[in-house]
Amino acid sequence: MLMTIEPEKLRPGNPMVAPRPALPRDKASAPAERGQSAVSTRELSIFFGQNQVLKQVNLEVSAKAVTAIIGPSGCGKSTFLRALNRMHDLVPIARVQGQVRLFGEDIYGPQVEAVQIRRRIGMVFQKYNPFPTMSIGDNVTVGLRLNGLSKRAALTERTEQALTMAALWDEVKDRLDAPAVSLSGGQQQRLCIARALAVQPEVILMDEPASALDPLATARIEDLILELKKNYTIIIVTHNMQQAARISDETAFFYLGQLVEFGATSKLFTNPSKKQTEDYVTGRFG
Amino acid sequence: MPALHHYRRRKFVNALMQVVTCVCALLVVVPLCLVFYHVLKLGLGSVNWAFFTQLPKPVGEAGGGMANAIVGTFELLGLAALIGVPVGVLGGIYLSEYGSARLNWAIRFAADVLNGVPSIIWGMVVWALVVVPLKTFSALAGGIVLGMMMIPLIMRTTEEVLRLVPNGYREAALALGIPQWRTIVQIVVRTALKGIATGVLLAVARVSGETAPLLFTAFGNRYWNHHLSEPIAALPLQIFNYAISAYEDWIRQAWAGALVLLLFVAIINVSVRVLTRDKLARGG
Amino acid sequence: MAHFDQELSALRNLLLTMASHAEAAVRQAVDAVINRDYDLAMQVRGGDVAIDRFEVEVDEMAIRLLSKAPLAGDLRLIAVTMKISQNLERVGDEATKIAKRARDLSQEAPLKLIVPIPKIAELALQMLHTSLDAFVNQDAAAARALIPQDKVVDALNKEVHRQLANQMIENPETIARCLNFMVVAKSLERIADHAKNVAEEVVFLCEAEDIRHSGKTNAAALSKPAEGSA
């Protein structure tokens, strides 16, 4: 896929001139409180060319909680997720309409840089992708180093912090210089989570983070997510409903680009309001 | 019965094709063997310490070497790399990571065409652009022409190699809030570095044997080159001049030069093989 | 999903078979009391073994289905089935108790009584039957409607106890037989309780609302709640 020039490059104040010296905050937890709205969308619609993939989605994601997004293939859940950290900026034919707010700030506002947003909203992908030319330690700190932080003491501290939060420290503390690709699949995914955590985001987006892993590794990632939610807002796309039932506090059900139902996980999975949701959740369609 | 007859015929045709294709494959190797055999046979005897360290002796005198030509070739390749590598690599990066579909198609098309332009034409163009205004043949002109020939080659191989880098790495880096240009330089290019180096080496090997363009630009030199604006000796040029001469001694030296050049190119190709084999063994 | 649907059907059918056994046992036990039928009473006692076995089977099947991680309506169905089977097993036990009393009563002289035991029996049987019908038809309204009837049975039972107590004081030679009748009435009252439990489970199955232990019966329990709860 070809990359296109980011739209903001064409504006004055081109980030190519000098990187912003925005170093992440040093506090380990986000400033949000449980129950607050972390991410909210209003009438969010996304078009790929002429094709409307998301239709007027209105959703409020609570802070320091896990929100799951479920739905059949092609329902728009990954598209929705990627709109939250402006990854669609990289796709020339994508058009985003409506509002997305991060703790009240419109992330698509005219003065807002995508790069800044992505430091506050991290992402973990379906296929684990630690950078192959770097060691484990370097992978964890890449987000910090490439954004200007170079003090070795701070980097070491952050490495340990992030790897501990990702439940990987004990397994790799003796071999931080080993190549990242020498780890097992589950470990590599946790490394990717550590990499995202090192930048100290406020929200973490996860796009089917365990679908490429075996059940044991999956269970560890789920445990990790339940730990992480104490300090981070987590939005996870999953096609595994039992996983959503296990780890999420609230669940959103998407179908054909529309948000069909959104509510407490326990209710949505034991007594959904909409028949479509009931049919999907019991496996009678999709 | 007819079925059995068809079966036997198929088997025969199968075997025949196997033999034919095998012979053809072997035929490919034959010229390579011929080349090596001849060059080795006729050149090995003349390759000695003097060959590498001495300047050419005047006509009639025995002995001498091609020291200036060997050094000159390296100098020219160095200059060419200085021009060709940055432009080619950056151009390849642009094609792979930026640009619009239409513009990129045009650039690629132009590069492919340039790759096919006969090298003598390159030489004539640079002669008109550099040699004529400077009123002298020069190492600079020689470096420029070789560099310009390297550009489309390096640009295309760089682009291909960059495209092979999985998109997942770009997305992961961007999702960390790393600006796009940094992503490209420190993540994408770094991942593809081996491939880019390979492309550069192959381009160097390719232009190291170019003779025709150097006729109009570097021109050759009986002595050492002391300045970029002076003509400079190069191995292919020297080989050419000696080979078409009437002097047996020179002809022998031409064969020696040919051997050295051949070995140079062969070593580069083998190194490239080794480099890429390493990459594959690690799982890419 | 066809296989899972088949398994759910099998579970439902097993429960209904168990239900028909339990209903039949109660009916037979009541008949044995009223008709002083010793043999019928013994039959009931023998049939309780089957009901116990049903409970085990139903629970085993339910657990197996739960391991497939069902959700929403399926999950509620399985949970409710397990609860109902437990209630039905207790109903079977109560029927056995009644049968034992019937056996004892049949071996003593008949006692002429004007106590509303047959009425209690009829009500209890009707409640049981209605609650099971509500399960089959997934009819939450019918289930809710029968819950207040438990109060009626409770009141009748108290009345029977009062009358039998008077009888025992006036005619001490009838004490043994009266005590037996008291046990019968108590068992019938318990059967009505279990029918009410089944009805409450049916409401949970249909509307995902847990109305157990909602205290005094009030008018609200009779009517359906507003649509789209929570």
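Quick notes on this one:
Letters A, B and C mark the chains as written, and numbering starts fresh at 1 in each.
Heads up, the rule we're going with is that contacts are C-beta pairs under 8 Å (C-beta built on N, C-alpha and C of every residue); 3 or more make two chains touch, one makes a residue touch a chain.
This structure is a prediction, so every number in the text was calculated from the model and none was measured.
With centres computed from CA atoms alone, A is the chain lying nearest the middle of all the protein shown. When chain pairs are compared by their number of contacting C-beta pairs, A-B comes first.
Across the assembly, the mean Cα position most removed from that of subunit B is the one of C. Each chain gets one centre point, the mean of its Cα atoms, and the points for subunit A and subunit B are 46 Å apart. Remark: subunit B and subunit C have CA centroids separated by 93 Å (rounded to whole angstrom).
Our note on geometry: subunit A versus subunit C, Cα centroid distance of 53 Å, whole angstroms. Touching two or more other chains at once is no residue of subunit A. Interface of subunit A with subunit B (complex): residues 1-6, 9, 15-16, 19, 85, 87, 90, 115-120, 122-123, 125, 127, 129, 131-133, 142-143, 146-147, 181, 192, 195-196, 199.
If you check the complex, the residues on subunit C that touch subunit A are 1, 4, 69-76, 208, 228, 230. On subunit B, the positions that touch subunit A within their shared complex are 96-101, 104, 166-182, 184, 186-187, 190-191, 193, 282-283. Residues of subunit A that touch subunit C in their complex: 241-242, 245, 263-264, 267, 269-273, 277-278, 281-284.
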